[in-house]
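Take a look at the structures below.
Two complexes, one shared chain (chain A), two partners (chain B, chain C).
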Partner chain A sequence: MLTAFAIFADGLVYAAYLFIVAIGLTLIFGVMKILNVTHGSFYAFGAYGAATAVGIYANAGWPAALGFLFMLAFGMAIGLVMGVILERGLLRLVYGRDEVIVVLVTYATFLILEDVIVLIWGAQSYAAYQPMVAAGNIEIGDLILSNYDLVLVALAAGLAALAYWALKYTRYGRLLTTVIFDRETAAAFGINVTVVYTATFILGAMLGALGGAVMAPKISVTLGIGVEVIVLAFAVVAIGGMGSIEGALVGALIVGICRAAAVHLVPQIELFVIYGVMALVLVVRPYGLFVRARPRKI
Partner chain B sequence: MSARTRILPALVALAAVAAVLPAGAQQPATVKLGIVSFLTGPAASPFGIPGRNGAEIVIEALNAGKAPPPFDKVGFGGSKVEAKYVDEAGSAANVVTEFRNLVQRDQVDAVVGYVSSGSCLAVTPVAEELKALTVFYDCGTPRIFEEKPRRYVFRVSPHATMDNVAAARYVLAKKKNITSYSGINQNYAWGQDSWRDFEGAMKVLAPKATADKVLFPKLFAGEYGAEISTLLTSKSQILHTSFYDGDLESFIFQEQARGLDKRMTIIMTTGETAIWRLKDKMPDGTIIGARGANGPLARDTEINRWFQKIYTDRYNTPPTYPAYQMAQSLLGLKLAYEKAAAAGGKPNADAVAAAFTGLEFTGPAGHVKMALGEGHQGITETAYGTYKFNKQTKMPEIVDIVRFPAECVNPPPGIDADKWIAGGMKGAKC
Partner chain C sequence: MAARGHLVGALMFLIAAAVGPALPDWAVSLAAIAFANALVVLGLVVMWRAGLVSFGQALYYCIGAYAVALIARWTGFTDAVALVAIGGVGAGIVAALVGFLLARYREIFFAMLSLALSMILYGVLVKTESLGSTDGFSVATPTFFGLSLHGDKLILALYWLTLGIDAIAAAAVGYYFRSIAGALAAPIRDNEIRVEFLGVSVTGIVHGKVVIAGTLGGLGGALAALTIGHVDPAMAYWTTSGGFVFVTILAGAGSVAAAFVGSLLFEAARSIAVDVMPGLWQMLLGAVLLLTILFLPEGLGSLAARVGKRGEVKR
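What follows is the complex of A and B.
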């Protein structure tokens, strides 16, 4: 019983982490059809920004309760700036080019930004554990859970609900859905696709940075953290269906629960299980679980 | 007599004097070294940069002739050392390409470097093929010299078997009645070999104790929630880990938030690299290793005090074990070079290799004996201790230090490390 509960709790926490890092990636792909490798850089910059913010906040001696929000705001502000610079300064120049070229551009940007991190923050690692320590823990039977992890789960659930509401019930959400469905038709109906692209990319960048910012207190913020994340985020998005937010949520839950079960029951297959699940899903549904029906163009 | 006509005979006389002087009185040639270490990527901060810094500070001191005896001769045998620093980051193929560039394009006299065991395994056959003198400073795999004898490849730092055998001996010396132990190690050669040696040593030294949770998360996974839950449900008294860099620090942050270190004592074979950064975030009571008697586990000797001072003065932080390993490697190479140079002229790779084989010397981390791998692999004493954060000085301390002689925790010459452990560690002189 304890093991079953532990698998459920660990699965939820891991799924929350995966969903937060994958939602921005799938949003950008859904709207812009760009497989954005730079998403790993948004995550890394968000984490470094959050670590910097925690340092500033701790030194200033401000009330601990607001530290978490300051950290998130700082991280997302970095995502905002990066999103504007990259979309306006680079990506708009390659719109309409072959998808492979756009992927290569984002990959090259990712590599350049790894070196930019060294230039800004140096090669040393940073710690931002204060918010996680301040959150404390809760004991359930033999298991001790971190309250910070529970905050992560709540944040992921909130993000999922917000995304659902925004897409279904707001004007921008409906415009976005139209562009996701068919860009040319949306443009023909007078939607300013360029503005939608810019706004979406900036939002995706901020979400990527948010992922890094919320994870910063749990990890050592060090060079290369974006590499691991981008691989995991791609796996989740591939399972759920490229461009589908509900797919990212379900994909994250499947991967999270399967991985937690593997660690508890058969730790030898932990490394394999994420990609095993992805392969299994893609065999049955080659475009992922929640891929949209595509209009046939004549 | 014009100025020009006065200078001309003087120049002729000077040239004549230079021609009759012995070769040794001429300006010595520079010794070129390639220094390879992680300058970017996750392993840069804990290993690569301290290693690089160790090289920089030691080479500077050697070139100024300011190292203590017997290392006080300027540079290498009077020749200034010129270092080229190369990043180890990238694939094994990239590492080999950079190695070839150093040897063939830059014509370095020796390469000193490599943190990753994968890099060392990839470079070894190429070094032998190119007959390039190579000294590995940090990588731990025992396979380098166990697979076949090497001629041009050396490693002053002991291999990883020592770390894990000593870890088992320390745990059993300090904690009686251990019935169960667990392990969390990275899922690649370093982590798997470390666990294999630790578990093997525990089976020999405490046959009634059993391994409970054996976890191998992905390298650089970053998220260990499920692993920590699994360990919280275990009844093990100790947890072995060879985690390093960001993985080690992430694991410490996450386990502390959930109180794992209150349930079991954690033994970290590379923990020393993190103590100066983590300070009060490193749990008190953690058993700390430094891959040898390095850092705070090093003996208080003149050469150790010298190294600690020059490093701390320059970088405002005490040297950690990768810096020690780099210093030991460079000092060993210097002695071998000077021994070979004593025959006259600039020694070639064969002469330095012959002088290096079986060399013995004492550096900041203690006495090195190139005893294994037919004289190419060093052994040293090692030590483990228990972590304590001093709240008065606000500085880390290692207390309860136990030292293990080199012959107690290293296999004897001629036998593979895993076979030695499986055979009951026969011949260990403790």
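What follows is the complex of A and C.
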């Protein structure tokens, strides 16, 4: 029983992390039809930025809660800057090219940014554990959970609710939905698709960086963290259906629980299980769980 | 035209083989690895012509490499030619099975699913302690029809073996491009549904391409494993696939020869760059890829073609 609860708790925490990372990716794909490999760089820059921010506030001796918010804000600010530069400076030039070509453009950008990280932060790893320690632990039954993990779950749930509300009940969200359904028709009805693209990409970049920022205290911020995240987020998004927010949520939960179960029951298959689940889902639902049927265009 | 192409191609391979003994060891083994990887690139070119990009070609590369290494380790069988053949066939069989799933997908989804499949293999290998986990293990020294060679002779023999297999593969792929299935690649890329209306099974053709590319990937992996003398799970990691895709885009899908030239240039550039500016290799890679996509959409191969066509009347 304890194992079952531990699997559930770990799975939920992991799912929260996956969802925060995947939501930006799926948003960008849904609106722009771009599979954004650079998302891994946003994550890495967010994490490095958060580590720097933690260093700043730990030295200044600010209270922990303020430090946590400062960390998130710092990470997201980096995402904002990167998003603007990339979308306006580069992606704008390749709109309308083959989807696969655009993937390669983001892949090239990712490669460049990997070395930019070394140039800015050097090759050493950073620890940013202070917020995690400051949050303390909580005992539920026999299980000790970190409060920080609970904050993570709350944050993911908040993001999901916010995304749902924004898409359904705000003006910008309605416009976005229109663009997701059909870009050309939306443009014909007078929606400024260029602005929507730019805004979406910046938002996605900020979400990616946010993912890195909240994870920084839990991991060792080191070279190569972006690489792992990309494939993980891809798997989550592919399971849920590319471009679907609720899909990303369900995908994150499925992958999170499955991985936690594997870690507790058969640790050998931990890595395998994620992609195994993905392949299995895709065999049954070739384009993911939450994807609308599309008409064939001749 | 085709006959002339064959002649030029054969001549190129003969020249490459002939200069082998004159080159230093490091250059020969570099060229051997480059030409082994060129097979994987050739496979990607076959798919790229139909607009398909696989971000998981490392799956077959790794299967070929591990097949060679494991057979040599478990049975003590070390004949290079047979091992490479087994590596290719093994990867081809896996590709044929995987193809039933993959051939249903296009574009991003094709790329993603192949990526996931290669990551499954990576995950399994990393967790298999008996195969050295992330460290991998060494490959036994190969023999050639009972002859055991050492040092520079071994490297040279592997180089020639690689060139021989490359020549066969190049001729076979050239033949495939001129066949009906090969010629339908561009129409599939442009408008798949219309090809279906012609009464052709696009899924079948894509499946065929997956098998061809998989077999080539396996051959390349097998040769690379013998030349490097070591296999590890990183061979299945998605960044390995990314490297192959990189060379494919750089070389362009215009011709068979581009795969070989591109791969050689890539390996040479990598060894120079790692030497001269170790920290900036990935940045250089990314910048070159970006510039290629932005300014040379058909790849470096089109540059040669453009220069050659300058005298002719424009269409």
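In this text, the second predicted complex is superposed on the first by the 292 of 298 C-alpha atoms of A that agree within 3 Å, B and C clash if a C-alpha of one lies under 4 Å from a C-alpha of the other, contacts with A are read in each partner's own complex, and residues count from 1 in each chain.
In this section, contacts are C-beta pairs under 8 Å (C-beta built on N, C-alpha and C of every residue); 3 or more make two chains touch, one makes a residue touch a chain.
Please read all numbers here as calculations on a predicted model, not as lab measurements.
In the superposition on chain A, contact of A:Ala235 is made with chain C only, not with chain B.
Of the two partner chains placed by superposition, A:Val284 touches none, neither chain B nor chain C.
By the touch criterion stated above, A:Val263 is placed in contact with chain B alone, chain C being left untouched.
With both structures placed on the common chain, the touch criterion links A:Val118 to chain B and to chain C.
When both complexes are overlaid on chain A, the residue A:Ala188 reaches neither chain B nor chain C. In the superposition on chain A, contact of A:Asp10 is made with chain B only, not with chain C. Of the two partner chains, chain C is the only one touched by A:Val105; chain B is not. Residue contacts after overlaying the shared chain place A:Leu35 against chain C, while chain B stays out of touching range. Contacts of A:Phe272 after superposition: chain C is touched, whereas chain B is not reached. In the superposition on chain A, the residues of chain A touched by chain B in one structure and by chain C in the other are 114-115, 118, 123, 227, 268, 270-271. In the complex of the two chains, the chain A residues touching chain B come out as 2-3, 6-7, 9-11, 13-14, 17, 114-115, 118, 123-125, 127, 129, 132-133, 135, 137, 142-146, 148-149, 215, 217-225, 227-229, 259-260, 263-264, 267-268, 270-271.
Residues 35, 90, 93-94, 97-101, 103-105, 107-116, 118-119, 123, 227, 231, 234-235, 238, 242, 268-272, 274-276, 278-279, 282-283, 286-287, 296, 298 of chain A touch chain C in their complex.
The touching residues of chain C, counted against chain A in their complex, run 51, 53, 101, 104-105, 107-109, 111-113, 115-117, 119-120, 122-124, 126-127, 191, 193-194, 238-239, 242, 245, 249, 279-283, 285-287, 289-290, 293-294, 297.
For chain B in complex with chain A, the touching residues are 39-42, 44-46, 48-49, 187, 213-218, 220-223, 225-227, 229-230, 232-233, 245-250, 253-254, 256-260, 277-278, 281.
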